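Read from first to last, the chains carry the letters A, B, C and D; within each, the first residue is number 1.
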Amino acid sequence: MARVVVDVMLKPEILDPQGQAVQRALPRLGFEGIADVRQGKRFELEVEGPVDQAALDRIHKMAETFLANTVIEDFTVKVEA
Amino acid sequence: MSLDTVKNATETPDASQPWKELGLKEDEYARIREILGRRPTGAELAMYSVMWSEHCSYKSSKVHLKQFGEKVPENDAMLVGIGENAGVVDVGQGYAVTFKVESHNHPSYIEPYQGAATGVGGIVRDILAMGARPVAVVDPLRFGAADHPDTKRVLPGVVAGIGGYGNCLGLPNIGGEVVFDACYQGNPLVNAGCIGVMKHEDIHLAKASGPGNKVILYGARTGGDGIGGVSVLASETFDAASDSADGTGKPKKRPAVQVGDPFQEKLLIECTLEIFKEKLVAGIQDLGGAGLSCATSELASAGSGGMRVELDTVPLRDATLSPEEILMSESQERMCAIVEPQYVDRFMEICEKWDVIATVIGEVTDGERLEIFWHGEQIVDVPPGTVAHEGPVYHRPYARPEWQDALQADDAGKLPRPQSSEELRAQVLALVSSPNQASKSWVTDQYDRFVQGNTVLSQPEDAGMVRIDEESNLGVAMATDGNGRFAKLDPYTGAQLALAEAYRNVAATGAKPLAISDCLNFGSPEDPGVMWQFAEATRGLADGCLELGTPVTGGNVSLYNQTGDIAIHPTPVVAVLGVIDDVNRRRRWRSRRPASCCTCWATRPRSSAARPGPRSSTTTSAACRPRWTWAARSCSARS
Amino acid sequence: MTTRIGVVTFPGTLDDRDSLRAVRLAGAEPVSLWHRDKDLHQVDAVVLAGGFSYGDYLRAGAISRFSPVMETIIEQAKAGMPVLGICNGFQVLTEAHLLPGAMLRNNHLHFICRDQKLRVENAETAWTGDYAAGQEISVPLKNMDGRYVADERVLDELEAEGRVAFRYVDVNPNGSLRDIAGITNAAGNVVGLMPHPEHAVEPLIGTGRTDGLPFFTSVLKKLVSA
Amino acid sequence: MARVVVDVMLKPEILDPQGQAVQRALPRLGFEGIADVRQGKRFELEVEGPVDQAALDRIHKMAETFLANTVIEDFTVKVEA
């Protein structure tokens, strides 16, 4: 079975308080040198059957209509090696 | 490892077994062999070990808890007493209320969010299993020092977990406590209580009777989570936990942490209530600690016959689980029902409606044994009572600690008095800025107190109150209290003070206190000093209940709350349930709050042995309210 | 004939019983609607109640939005039927694109439950007729994902058209842009807000105020006069 | 500035209610053929200075102690091209 990964991140212009909270905490924990943190979601899909272009198109569609809310989020679809 | 069948166990009596790693003592293992007349199979060993653990069998506490059943005050409100999932009291107008407090201390230290969340989930299923609709939750919490770095990890996680789970279930949080004390640093106390309401005729009990009736497992799939949680996590100290194996003799260490799915639990609640409404179950049990081992053995043991289970029919989340692991798994959000054959289809239909997976895994037999099969081969053949109810009972030695006298002698009168106005000022500031005095809103604002639209009183009131009938305005109130510092000074009186405080808090709302539940948080029972604290506290509580006329309907014991040799303060937490005929007559303190507080102090304990004096700075918060004196007076004659 | 107002139950909906009670107290006939049922059973208006439908997993409202009952509700809403989305219901309405924008995690990252002051900015929607424009009310707020966001263009459009129906007063509890607590569609029949008017309908319960009741009486009047 | 991505996923044996809810919804939305869905977190870190072994070691440490809860989660650290 093949694994397809959909990463969903908030659009750059949308405030990401989770990422900010992480970033603000880092220096306190002794981790310097991280200029920015954004936190998003990662979906690992186990796909039955071949991951051909048709399957990828369907997953793209699924990401666009369901896994991501494109009003606020961007997404990428990748086949895992 | 090949399947360890009953046949195999009979043929290989000398095979070595990991009873020690499972937390069993040598004589306990010997007793299992004696009961069975052979060595147990792996699956049987798994069942006995979890069910005979401290957490499930109450083996150290049982002899003391007995008093709650013996010193029962005259009270005709009690419908179901100690021994069932939760006690049930009559609140009039045909309604019955069930309530209980439980601890999830150790899991919440390891994984605060999930530990606390699954604590809420577990107590809610207990209440549901009695046939009741859960209507409110409370959460008495105790943490280490407020400024300790680890408190920053534990407290927000616990609060988010309780909120995350309770809010998602739609149960208003109507009360609780937040206490800071360094003694809880390595052992935070996460207690969670739930109140449920039903009509008298809807009371359900956990028993499997009627040969031919089906055993249905429904709710979440069974996974590898929480295996060994019961026997290892909840019953031993952490030092012991860290070097203990996973409990099955298998190489792979399964995580002892369970992850909660409140959404699944919400579906389980609605689905179960609909099943109750159509009167489709003959017996029901929730799956909590010890999972299927507990549910099957308790149902069978309380019923009239035996039970046969085909374990390979259990829906799994992880296909690699062994039968032992399935029996021990503490996967959350599962229930087990006994259903007459003619109702099975309808039962399944309701489950389907709520997207809840349900599977017939076995049936009630006319035998006397609990028999479990794995792909046709028998792996368990035991008298269920020996697993569920006839575990070991310990009369652990107890002795009043040597330091007790010195501690009591060192009373507040010996503290230096402020000599200057500067010192006085500093002392007042220290008092009012104590974290224990602070507003609890950082915590309570994360809990939904409005959901269900029946909340009459919630924070910052001293007791929560919910309406249970919209027509008649019948309501119930609950307060939880406990004070480890008092209990350490004098466990007998300390337990009574906790009772009296919760009793007063309920009385102050205008409700009549009816019955209590408790959560007894103590250190290691293997320490005679701790055992003495436990014995004294239970004796105090039982005597206090007798005098106040409020029976103990059930409760929970959490032992081994200690780090190394240092135990937490003995902390009996008491929940008092009250009833009010018309919630319109409830009293709130808010409207009557005068401008200045911190002027009056709590009543002193009656016993001359324990004289803590004015409540010390870390325990004063409730006492700040003038209404307290009124409340205290109203029942001091009895307490 | 009495006015029938439906309240939808999705798996994980929590405030459906409260909303049914509010409808009843307002004098209309409450009707339970089930997520799998496309039939709206001749209701005249619909309330999407609060809660954590599908656990709020993925995104709040994201899974419910695709349920069978929503197909009909989307269709009817577009045809003018009054629809009120409270909290999770508001989230469902934005996910269904009946209302613009989206709801995100509160900026402080905590669930928050408080008695919240609001200003009614638009008293002409189907659900706000019994308020006066500019009136300040207090109703409970309780959510994890209550931060309203939309892009500047949408926000300007909402402001220009008077479609910001409610604004937070005194405190912005979650970082919502322009203090927006609730909005309406252009026709004024679809309204969504984060706070919970259905929890403020009885003097004894909750905060002890009844500031939320006019939502339900407003729609009733609107329907009766229509 | 270089971007380092930390992916945090629940351990395989730990219940993932979010992933399950997504998976159960997919067929209803007309997406068949997805055998399993797991949902995790993706952190995008913007790192100041060179992303050498020392920096990666620090990020690994950060992920282990802070970004992931290793009681229930696994993580991976990747430098984004």
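The criterion applied here is as follows: contacts are C-beta pairs under 8 Å (C-beta built on N, C-alpha and C of every residue); 3 or more make two chains touch, one makes a residue touch a chain.
Model, not experiment: these values are computed from the prediction.
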Which of B-C and A-C has more C-beta pairs touching across its chains
B-C
Rounded Å distance between chain C and chain D, as computed from the means of their C-alpha atoms:
34
How many angstrom between the C-alpha centroids of chain C and chain A?
30
I'd like the Å distance between the centres of chain A and chain D, where a centre is the mean of that chain's Cα atoms.
9
Of all residues in chain A, which are in touch with two or more distinct other chains?
66-67
Where chain C touches two or more other chains simultaneously, the residues are 54-55, 57-58, 66
Multi-partner residues of chain B (each touching 2 or more other chains)
261, 263-264, 355
Listing every touching pair of chains gives A-C, A-D, B-C, B-D, C-D
Could you list, by residue number, the parts of chain C that touch chain A in their complex?
58-59, 62, 66, 94-95, 100-102, 104-109, 149-151, 175
Contacts from chain D onto chain A in the complex sit at residues 1, 7-9, 19, 22, 25-26, 29, 31, 33-49, 55, 58, 61-62, 65-67
Listed in rising order, chain B residues that touch chain C in their complex are 160, 163-164, 167-170, 261-264, 266-267, 354-355, 444-456, 467, 470, 473, 583-584
Footprint of chain C on chain A - complex, ascending:
10, 13-15, 17-18, 21, 66-67, 69, 71-72
Quick check: in the complex, which residue numbers of chain C touch chain B?
11-12, 14-15, 17-18, 21, 51-52, 54-57, 110-114, 140, 142, 144, 196, 198-199, 201-202, 204-207
